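Sharing a structure here in structure tokens format.
Chain lettering (A, B and C) follows the sequence in which the chains are written, and residue indices restart at 1 in each chain.
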């Protein structure tokens, strides 16, 4: 049975249907890449999973347990095990980098301070920001802030990592440092759902790719198959436009 | 004018001065205490209005009606309503307390609006990030929102407190011994109205003007130190 | 305790309350007009006048915005007779509210004047407008657009401020309420009805002003 099973998921944003009977699966340790034009529902899917957008209908099953994001207990269960990194980093402006990373594990997960502190220092060193512990978010570059956001998500010891267009707001020269971090995480066996426009990266690192358009899953498959030999016309259309650069 | 100068020494006698200073302190205390409780209530209302669950729908509607009502009723009328409500309910409260409750009611309505604006000034993505990490509403507000919002809330809230010091003059109508009431007492004692009310006006000015300058200074300092 | 609410006893006094409300609106309107005149003149002196006049206007504004309107009226009502000026309670209230409003409106008008843009005037000048035409077609509309919301807001505040006239015996809304209270002793009923009338009055005024603002001045204003 799949680790994460999304079946016939529908969601609305106001009067607009942003997810239309989306069905996807992901296995443990896999990286599932989500590609598609803007407004195709990729980010909405991640937001529904983490509970920032309520689902209208459908079923989500994680590690054998059914999840209804409208149920507070289920939502807490999911948020305890999934972590999301946002396009705009969403770091807490009133705290230092160190506090940003440690606050949730200490206050929410109730883990001992010393243990969390040591782990936070390790994670920040891993993303290359060991010397920025006492800095505030507005003192850092976009790339640095995004790496803090990744460290913050990892400090939650998630079973699934959701990455929502995490390089889209960055200047081009800062993109590769973030992608390197993600590549490292994938190689270590983290289960990742990544929404991105970095096609070369998705093609290289993902175990599986899904192409979405208009709130629906058009095609899923092996990265090489999706990019080099897409079955659907719309996929072909999209891929050819992207790869023309 | 001559008679005014003649009255001055007797007017500025120890007892009168003490009386006036005490009344002035009562004035400030009335506004301050009313505004502090009003801030607590206003904060609760602001948080309440931020929630979306249908469970809290009725309290939310009540909060909106409360806010819109007490911002549109003159202080004198609110004062009378409180005064007679307590009296008829058989609750024995000091006049100061009745006035303080009236101030708190109005302050909570105005401060709720100020705090709502403050909470909304914090970017949506801060709320999103906190929610995704399982912070509850209270945790989000205490650890993330309030530390950012207080800079937007404090200047107008302080400004409201300074403004209300002038409105406390109406509390004299139910007999609270604040500055205006003290003026009436001294006038009844025989001192000329010009001297008495001129002094009272001056005392109000001496309280209000420095505080409003302080408020303006606070606003400049906080605007500078705000991130982005 | 045994106090039961008897709104029925208030019902016959409703016309009196409503005519009191009408008087409140009149007082607010007259005081506002007077205050507007003072405010415009004062702001003009502040912006364009010699420094000693500007300083006097500044002092007037600072003093009257940092002292309570009630005590200002007390002064006029009780102190002026000593120099021979006897004002009726209505007169004292009107004069006091006018002078008080003037101080706040000088501030508002000053901000309005300051919002005029030199670039607009230059553009008008190059298009061949005379000074007077510049003022009439370019500056005034823009200033009116900026000024309308704060002026409307202050007018609403003044409508609520007329309530203190009751203390001097003027029979505006609160004054009538006091009378009804001393006659029927139905305090909660009469003051709650009075409060409700103030709420409805200010809501109506806000709505009318907001509509006026949007249509005439394209000023975006909220009612609630």
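The rule we apply is simple: a residue touches a chain if its C-beta (ideal position, glycine included) is under 8 Å from a C-beta of that chain, and two chains touch if they have at least 3 such contacts.
Everything numeric here is computed off the predicted structure, so don't read it as measured data.
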| task | Tell me, please, which chain's centre (mean of its C-alpha atoms) is farthest from the centre of chain B? | result | A
| task | Out of every possible chain pairing, name the one holding the most C-beta contact pairs. | result | B-C
| note | Using only protein Cα atoms, the chain sitting most centrally is B
| field | Inter-chain centre distance, chain B versus chain C - centres from mean C-alpha coordinates, in Å | value | 21
| Which integer distance in Å separates the CA centroid of chain A from that of chain C? | 57
| Can you give the whole-Å distance between the Cα centres of chain A and chain B? | 47
| request: Find every residue in chain B that makes contact with two or more other chains and list them. | output: none
| said: Quick check on the complex: what are the chain A residues that touch chain B? | reply: 50-52, 76, 79-80, 83-84, 86, 88, 90-94, 103-104, 107-108, 136, 138, 156
| request: Show which residues of chain B lie in contact with chain C when the two form their complex. | output: 68-69, 72-78, 80-81, 84-85, 87-90, 166-170, 172-173, 180, 183-184, 187, 192-194, 197-198, 200-201, 204-205, 208-209, 212
| Of chain C, residues touching chain B in the complex | 1, 3, 62-63, 66-72, 74-75, 78-79, 81-82, 160-161, 163-164, 166-167, 174, 177, 181, 187-188, 191-192, 194-195, 198-199, 202-203, 224
| Hey, which residues of chain B end up touching chain A in the complex? | 125-126, 128-135, 139, 143-144, 147-148, 227-228
